[in-house]
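Please go over the structures that come below.
Here come two complexes built around subunit A, the first alongside subunit B, the second alongside subunit C.
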Partner chain A sequence: MFSNIANLLIEAYEQYVYLPLFIQIALAFIIFAILATVFAYFIIVFKRYQGYVTEKRKNFITPKIEEIITDQVLLNEKLNEGIPVDEIEFDLKALNHKMFKKEWVRQALIDIIIQYRKNFRGDLGDLLRKFYLDMNLSKESFEKLKSMKWEKKIKAVSELTSMDIQISDVTILPLTNSTNPSLRSAARNAYIQLSKNEPFKFFDIATEPILPWDQLELYRIITTTKDIAIPNFSRWISYSSNKSVVAFCLKLIAHYDQQAAIPSVIDLTSTKDHFLRAAAINCLGKLSAEIAEDKFLRIYNTQPVNCQLEILKALGRIGSGKNLEFLKQEFMFSSNFDIRMSAAKSIIKHNSPASRILIDELMAVSSEENKLILKHCQNPLIKY
Partner chain B sequence: MPNILIVEDDEIMLKAIKNILSKDGYTVTTAKDGKEAFEKLDKEEYDIVITDLMMPYASGLEIVSKIRGDVLKKHIGIIIISSVGSEETITEAFNLGADDYLKKPIMAVELLIRIRKLLANRKTIKV
Partner chain C sequence: MPTASTIFWDYAAPFFEKTVFVYGTTLLITYTMLAILSFINIRRYLKKESYTDYNVIIGSPLVPGISVIAPAFNEGLTIIANVRSLLTFNYPIYEVIVINDGSTDDTLEQLIAEFALVKINYAFEQKISCQPIRGIYKSTNDAYAKLIIVDKENGKAKADASNAGINISSFNYFLCTDVDCILHVHTLQKLIRPVLDEQYKRVIAVGATLRMANSCVIDKGVITEIKAPRQLLARFQEMEYIRSFVLGKMGWSLINAVPNVSGGLGLFDKEIVVRAGGYDPQAYGEDMELMLRMNRYSKENKIESAIRYIPVTLCWTEGPTTLKVFMRQRTRWARGLIQLMSLHSKMFLNPRYGIVGMVTVPYNFFFELLAPLIELTGVIYYIVLICAGEVNWPYAVILLIFVYTYALMISSLAVLWDQLTFQYYKKWLDVIRICSMAFFETIIYHPINVIFALRGYFFHLIGKKHTWGNMQRRGFVQKAPTEPKPTVS
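What follows is the complex of A and B.
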């Protein structure tokens, strides 16, 4: 049979050689396309088979693992007897079961323990962690950290974070500045959760940006992680050359109302980057930094519109009442609608006798459009 | 022994809670989604329903609303266990008639204490 195929191929080649060039090229393309399609189908079938086998293995092993976790952890009698978690010993026979020698079983075990730990805290959560450590599963996680594949590294970081296992700075700090955004983000999140004393140390070495979505996630972690040491974020405002770090620190300064950071933030209002300048002005407004008002007025006319809007908002938030006349002038004479709107909101936000008199005065003398703006801004349902 | 229905779409959590409660002596039934929960609620009588909030077919809030809207089931105690911790959701759950709310990750001991308290309160109300 093989000789027949070989003869057929030789015959086909002999005919191919005598064909015109453009036919030869077309045939080559057709053959290449057919081979590529067959190869692609083969890969798809192989991957699906691999997925099927993995799923089947998982379905087979999951109940067994769950049974062991239930016996050893969930229904552990020693927990009810009040024995401290550290002193509870697991059944060695269960821990040394031969199925746990296989790598894929150990990975399934890690995944299930993590799933349980996400749902349980207290003694049960601590016992799950002890089970993970006693099974020596942290070794697997640390091995994955050494992998060349970033997906594996992310998995390792996430496993160790879920199990509250410390990762040395030498290992994790370089990952917080990885060029891969996903790995960088996972490592930064882990660093904050695991490093209780200096959770923001990675800001010092961060040259890669903290992307807006990552900032949201970091913010969530920072504000929800217990016993986290909050530093004075002004140190990064002063010397970090990473603009995203500075912008993120401004948000944290405002969130934690760090009044001590005001001088550094005022200095930042002189920066050349107008987005950063706007963020600094916004932060000063949220900090109610009355001391910054004079500078705001001094620089106002030289600023782009986004910074001018932030200055107007900040004056409203500070609400000292010293600059009502300035806000009135902006509201009455600015040709920019957004400026008039922000000035009106700021006057209303003062909510003082003087500001109320001013609003009445403006309602009497303003144009129809400005009256509409004032009425709109007085609506309490519109947040500012 | 008190009859408890657990409604949870996360199988691992479902089995875990079932094991913990069974060990404490409760009769436990499970449902993986809102639809299954409604079917089981129609067939059997329960003392307590423990439900997650976000599930397929019907949310935990719908389950609370259905139980409280049915005269024959009004006596059932309802505990919500969820990772959703926003004030609005908690308030809505209590407004609809939930008795208790536990945020994931939970403490097994805390869950057992709350179930015991709820059962005791229900008994007092009945008396």
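What follows is the complex of A and C.
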């Protein structure tokens, strides 16, 4: 039989080589296309089946794991008896159950413990951590950290951070400056959460940018992590050559209302980068840095529109009242719509007797369009 | 002395055959390349998604605001449910701008009554041209504080209404959609991610996959069950959309050569849109025209820009279910393409415009614009050969099988990529329904498309005036009410 098939193939090949080139190409493509199509449908079936099996496995194992966690951790009587977490021992029989030998079960266990730990703090959180350690799951997380695959490293970093397991600086710091943006971001997030003494040390060595998305993550971690040592961020404003670090520090300075950083931020308004300059002006406005007002006025006419808009906004936020005349001039005579809008908003934001008199005055003398701008800015229904 | 017939059969015919073969093979190889590129891009996206925590966006003061712009024309039947649906995004800072584009029904009156709207003094600068605005309305109910209704004179094109929305918008990014599209609650966070996650380039537009909502189950403006369309025409379109978005645009996105971000769903950088001049109300394919102009503006001003696509479905739209409406849509698209190519001929194979000039525009010219014409020529040639008894039937059959199997493979791969991204269809039957379309597309759907495209070219050639017809929507499948019906005792 095999010899028949072989003969058939040889015969087909002998006929094939005598066909015109374009027919040869077409035949080759046909075979390729049929194989690829069959392969595509096979994978579709396989993936759906795999999804079904995974779901079934998950549905089977999750209640069992949750039962063990409930018994061993959540309803652990020793915890109620006041025994310190470190001294609590788990039931070895439950921990050594044969199902925990399987890799996928251990991964499911890690994922569920992490989920629980997000919801439980204090002693229960610590006991969950101990459970994770006693089950020797940290070993698996550290194994992933050694992987060549960046996504596995991220998983490891995320698991260890969630369980509050220290990763040595030698391992984590180089990752905070990785050229892979995703790994870099995960490592930075982990470093801030895990490093008790100098959580912002990686700012010093960061040559790769902190992308806006990473800033969202870092910002949330920094502003929500308890007992984090908040430094004076002006340090990086003055010395860091990484613009994204400086821009991010400006946001943190504003959030933590670091008045001591004002001189450094004022210095930054002389930088050549107008985006950074605008961010510095914005920060000073949020800090209500009255001391910066004179500089704002001095540099105003030499600035691009984005910086001018930030200056006008900052004057409104500071609201000292000393520059109402300047705001009035900009509102009355600027040909730029956005400038007039910002000036009007800033005047209104002052919310002082002088500003209210000024608004009445402007209402009386302004053009129809400027009156409309004032009405727009005063309307409480308009939020943005 | 050779006769005309001898010259034709000896020289012109072999030349034509070889040219068409090379053309067809190049197209198929391009599709294979796209399949590979899209696979790489989808894998990359899925890896990133596996550890992305979108909760960082919620409540963050650092996220950029987004204006959602949704033009509406005579949508009285569904406007209230549609607007309510647009107000449910899971995003901290956004506004919804609905533009009543001179509706002749009671769209505006319904909106005013339902959302407690009052006409307000609203200052704005008309940065891009649009028809006059009659009034701007805001709600006195704080629950609808994000809503702005713009009433304007009819501009006879969605582009004009979108321009009005852009003029009114407050934020630096805007999402353009149709008011009757159903958007996923996470649309804004998913679309802003590529903008905030780009290291070297300025992302000027982001798109995502669209699907047919025709047979999906919808409850209060939210999709509760995704199903493959029951109607054949809509199901063919679903297959086409999957191939176009998941395989095509994801592939182009990897090499930054995305030709178009759909008008149904796209996030845009407002500054670039305004500087590029906004939507062109005269364009038949205003979305693609804007993309090319934005690309052109970026290159001419040395802005390192990027257009990105994500493979997840965030928008469901009702596709035409009658041939008449479908014909009108495809005729308009064909006219749009021909108009686009003549408007931006300067970009064609022009290295100044980078990959868009060297790849995107030529691809669209050769493989989108010329394809129906070449297919028509091929059919005529075939008929001539048959009449002259010159057909080599075994070879002809091999070539037809070649085209058929290859098209089948590409569509099947598109379904596979889609299934790898997310298994939208919960039931096997829906998967089979979509997969089966790949087998019939080449022989049923594709010829119809070619005919309508040729119709569009013909109308363009004779300068026939285009009239904007209504989509004649049938409405979506609504989830059956669970409350017991009142009985009369």
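Points worth noting:
Basically, the second predicted complex is superposed on the first by the 343 of 384 C-alpha atoms of A that agree within 3 Å, B and C clash if a C-alpha of one lies under 4 Å from a C-alpha of the other, contacts with A are read in each partner's own complex, and residues count from 1 in each chain.
Here, a residue touches a chain if its C-beta (ideal position, glycine included) is under 8 Å from a C-beta of that chain, and two chains touch if they have at least 3 such contacts.
Every value quoted in this text rests on a predicted model; they were computed, and no experiment measured them.
Looking at the shared chain after the overlay, A:L183 reaches neither subunit B nor subunit C. Shared-chain residue A:I44: touches subunit C; no touch with subunit B. Between subunit B and subunit C, it is C that contacts the larger number of residues in subunit A. Once the two complexes are overlaid on the shared chain, A:L194 sits clear of subunit B and of subunit C alike. In the superposed pair of complexes, A:K251 makes contact with subunit C only, with no contact to subunit B. Contacts of A:I228 after superposition on the shared chain: neither subunit B nor subunit C is touched.
In the superposition on chain A, A:L297 makes contact with neither subunit B nor subunit C.
Looking at the shared chain after the overlay, A:E66 reaches subunit B, while subunit C stays out of its contact range.
When the two structures are aligned on the shared chain, A:M341 is found in touch with subunit C, with no touch to subunit B. After overlaying the two complexes on the shared chain, residue contacts for A:M332 are found with neither subunit B nor subunit C. The residues of subunit C lying in touch with subunit A in their complex are 17-18, 21, 25, 28, 47-48, 50-51, 53, 56-57, 60-63, 65, 93, 95, 118, 120-123, 125, 138-140, 145-146, 170-171, 193, 195-199, 395, 398-399, 401-402, 405-406, 408-409, 412-413, 415-416, 419-420, 423, 428, 431, 435. Chain contact summary for the complex, subunit B toward subunit A: residues 10, 12-13, 15-16, 19-20, 23, 104-110. Those residues of subunit A whose C-beta lies close enough to touch subunit C in the complex are 20, 22-23, 25-27, 29-30, 32-34, 36-37, 40-41, 43-44, 47-48, 51, 151, 154-155, 158, 181-182, 186, 209, 211-213, 215-217, 219-220, 251, 255, 337-338, 341, 369, 372-373, 375-377, 379, 381-384. Residues 66, 70, 74-75, 112, 115-125 of subunit A touch subunit B in their complex.
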